[in-house]
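One chain, chain A, appears in both complexes that follow, with chain B as partner in the first and chain C in the second.
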Partner chain A sequence: MNATLPERDFAQKWHLKALFAIILVAIIIAGSVQKVGIETEFSWDQFFQIWKEMAHPDWSYFPVIVQPILETVQMALVGTLFGTLLAIPFSLMASTNIMKNKFVLSVVRFFLNIVRAVPDMLLAAVFVAIVGIGPMAGVGALTVFSFGMISKLFYEAVETIDEGPVEALTAAGANSVQTIIFAVIPQVTNQFLSYFLYTLEINVRASTVLGYLGAGGVGLYLDQTLSMFLYDRTAIVILGILAVVVVVDGISNHLREALA
Partner chain B sequence: MQKVNRTLWQRIKPWFITLVVVLIYLWAFSGIDMSSIKETAGEVTMAILNGLFHPDWDFVYIGDGEDLINALVETLAIAFLGTFISAFLTIPFAFLAAHTKRGFSAHATIGKFLLTVIRVFPEIVLALMFIKAVGPGAYAGVLAVSVHSIGMLGKLFGESIEDIDRGPNEAIVAAGGSAVDSWTLATIPAVLPAFMNYTLYRFEIAVRSASILGIVGAGGIGAPLIFALQTRNWSRVGIILLGIIVMVTVIDYLSGQIRKRLV
Partner chain C sequence: MESPKGTVKIDHVSKVYKNGTVGLDDINLDIKAGEFVVVVGLSGAGKSTLLRAINRLHDVTDGHILIDDEDITEAKGKQLRMIRRNIAMIFQNFNLVNRVSVARNVFNGRVGYYSSIKSALGLYSKEDKQRAENNLERVNMLDKYYTRADELSGGQQQRVAIARAMMQSPTVFLADEPIASLDPKTTKMVMDDLKRLNEELGMTVIVNLHSVPLAREYASRIIGLRGGKLVYDEPIQAVKESDFSEIYAEESDGKD
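Our next item is the complex of A and B:
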């Protein structure tokens, strides 16, 4: 019986890798608990008090937030458009099959990685400092944020195209601009549009909270109602955000299915 | 040569779509007041760029717990604990939302709606609620991350439960196993790699959100950043941004390597 069992060496037999991973995770957890300091009492009274007040939304506040919610959508639309326009040249420069110069390729990719590493709210904080309070700060933050995200999605799409048309055009004597317009762009248009809509969904979600830092949109009302402890109004703002996100996601999903 | 007959709608459809898109964008641009940019915008941009290239290196390590390293470690601790707790909290939600049988399923519909609500509920508001309950600090951040992550993890976990091969479950039931046997011996082993993969992915996102929670006082690197921005201490802003970029890049790389091995 024993002879039919597969041979396992010491490490496999005692699951050393898994054991090591579990011990490592346990150590990190212990360290994190130490760092965060979870000895404070959780005050359920305070916590449920907010929920109780939010359970009775102040519907008279609804008309006040309609305009800011629309502004949120406008910011997302404009930011996504600017981000996409910026991303197109950069994504072409970051595709291995278009950009043959290894040095430029790695510089562009490094730059895109850095842009993608900055969280959207931090961009908003920086843009509020630069252009001042208002929707322009939100548009700036969303432009940079969607630029980073779309560039990566786009260059991955460009790298998966069929090389046949590119070679045919090059063989027929087309220059690189003509090759991109007639061989690359037609192959990726649908994917580009689909990624544009996907980014728009994420931007609508992001833009609802950007206003918390003064970057325009409905987030400002989140800040105001919360700092005045008017949780019945906060509930309305959250319901409004929920509604706009669900509607935009629904439309965008429908369009993306039609594109696929 | 025969002409292809197209209906009126087919002929005008591209123009109609273009018109709708143009109208949507005219509306969008009308809402953004481009003239509201401060005159100092160029100056401030240069100052921030200057700060990025001349960062305040002294801030990296001071030793009294108010430095960059300390704040970054706290941010990572918030993200790690939050994601870890969330992975466990998510499991019941995921099984509730998983649509594993043919036809309408009430629990899956309810579960999916619940997860959408959690996903959309702003993390900052959650953080403020938990600050009410436990006071300002990293603990509130951990709780906010662990509740907010349920929304996305529940969706991803639920989808991987839907995708597994049902064969082993049926085999165990056919051999006389109970529902618990089928669960522990067939379902869990099949979904575990996907669960771990998604948890790591969510950890990458949690690192980003933990670095902003400090804005409302829920611990991490956000608080010193906002303070530096408000006091116009650009070299401080520079070093904090650099610190965040390095932290996020390293975590993304490590997590990506581990995830490659899991699949």
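Our next item is the complex of A and C:
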């Protein structure tokens, strides 16, 4: 056994890179804790008080929030649908295997990156300013938000397709539209539907708080009951949201498993 | 289709890839209508490149390729699609759309005859529906009409691919290593299918093969490529076993 292991240099031997990375992260976290002021007094009394009141929900309030909760789900549905429809052409234009023109590709991708960079709450605020208070603002915000997210998910799906059928259709004399319809779309339909449902899940959750900004839905009631300290009613709103989110997630997960 | 159509004239064709690799080096070939040409050679000899140049899935860097006297190397847009329509092709990996039915895959071979909208809506003529059935019948796959393509075996998929290619009503039929992923039994079925297209419909068939015995069994003419050069071209009557050692000789600079 005269074989010798290769020599490691100093940095490798003491794992200097990893060590530096850990120290750096520790410093950043410690600094953040200090800046945020996490050590300031936390009122446990207040915390338990709210819990106690919420533990006795005011069930008579329930009928009031049914309509807004439905509106929330409807906003999410319509917003996700519009966003998805918009995303399909853009995602095709952002896929390297479909869009051979590098310039158009990078312009479309840049545009999508910008859209995606805007948070949903900011979109809601902007749409409230544009179309006024109400569910229309929520639909607008969710449309743009879904569009940004779905476009990226879609073009990544399109880029993973098998190129064989595309080649076969091209060889058969199909034009580019026909190639997309017959060789690309059938390969990604299930993934598209799955991403649509996933985005719908996210949008249902997001839409519950959009009401805070006046963009329609149940969020408005969350805001009102909280600011009037009617925690027994807040509890109803939260339970209602919880129920809807669980149901929508459940259905969506079930369908997505079936699609996989 | 009975008319003597399906000539392929390859005139001083060269292909140099962007990285400098020579794919094809000054190829000259005159393929007459109704020939069954088998192209043999090592992997990377340029067999696939040659086939894909004929229907212009690959562009060539030099020379011209004429299909029934029409220059596909110069054609653009609609004209290119019209020429491609007359050249059917099947592939090593079948290239069917897995998630859809056999029927829809077969109709995909006909879309070149329809506008985008008509084909998207599936408005195929009665005649073409009959054509689809006939073509599936010919390769013994009619009973799989509604089956999803990915539920078929490899051999069955290749036969569906042949039916799809036949939907083009082609004059030239290209097959790029059609049997490389098939077992011996299905290999024979697929090769027999090609032979029948050649003999019964008078179609020009050009096949890339790795197998010398199969080449000798089916071809009417054998062409050998090595390092992108045409090194062998004889009618089947003149082919001798010893000729193949020359074609399959390893190149000293053995480039891909």
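Operating definition for what follows: the second predicted complex is superposed on the first by the 248 of 260 C-alpha atoms of A that agree within 3 Å, B and C clash if a C-alpha of one lies under 4 Å from a C-alpha of the other, contacts with A are read in each partner's own complex, and residues count from 1 in each chain.
In this text, a residue touches a chain if its C-beta (ideal position, glycine included) is under 8 Å from a C-beta of that chain, and two chains touch if they have at least 3 such contacts.
This structure is a prediction, so every number in the text was calculated from the model and none was measured.
Chemist: Should the superposition on chain A be reported as showing a clash between chain B and chain C, or a fit?
Modeler: With chain A as the common anchor, chain B and chain C both fit in the superposed model.
Chemist: Name the contact category of A:139: first (chain B only), second (chain C only), both, or neither.
Modeler: First partner only, chain B.
Chemist: Quick one: classify A:226 as touching chain B (first), chain C (second), both or neither.
Modeler: In the superposition, A:226 touches chain B alone.
Chemist: Going by the touch definition up top, name the partner, chain B or chain C, that contacts more of chain A.
Modeler: After superposition, B is the partner touching more of chain A.
Chemist: Once the shared chain is lined up, is A:121 touching chain B (first), chain C (second), both, or neither of them?
Modeler: In the superposition, A:121 touches chain B alone.
Chemist: With the two structures laid over each other on chain A, which partner does A:50 touch: chain B (first), chain C (second), both, or neither?
Modeler: After superposing on A, A:50 lies in contact with chain B but is clear of chain C.
Chemist: For A:42 in the superposed arrangement: first (chain B), second (chain C), both or neither?
Modeler: The first partner, chain B, only.
Chemist: Going by the contact rule set out at the top, does A:212 touch chain B (first), chain C (second), both, or neither?
Modeler: Touch status of A:212: first partner only.
Chemist: In the overlaid three-chain picture, find the nearest pair of C-alpha atoms across chain B and chain C and give that distance in Å.
Modeler: 7
Chemist: Spell out the residues on chain C that touch chain A in their complex, using ranges where they run on.
Modeler: Its residues touching chain A are 55, 57, 81-85, 87-89, 91, 93-100, 104, 108-112, 116, 119-120, 161, 164-165, 167-168, 174.
Chemist: Okay, in this complex, where on chain A does chain C touch?
Modeler: Touch list, chain A to chain C: 162, 164-165, 167-175, 177-178, 181-183, 186-187, 189-190.
Chemist: In the complex, go through chain B and note every residue touching chain A.
Modeler: 24-25, 27-34, 36-38, 41, 44-45, 48, 73-74, 76-78, 80-81, 84, 116-117, 120-125, 128-130, 132-135, 137-139, 141-142, 208-209, 211-212, 215-216, 219, 222, 225-226, 229, 232, 237, 241, 244-245, 248-249, 252
Chemist: Which positions of chain A touch chain B when the two form their complex?
Modeler: Touching chain B from chain A are residues 25, 28-29, 31-33, 35-38, 40-44, 46-47, 49-50, 70-71, 73-75, 77-78, 81, 113-114, 117-119, 121-122, 125-126, 129-132, 134-136, 139, 205, 208-209, 212-213, 222, 226, 234, 238, 241-242, 245-246.
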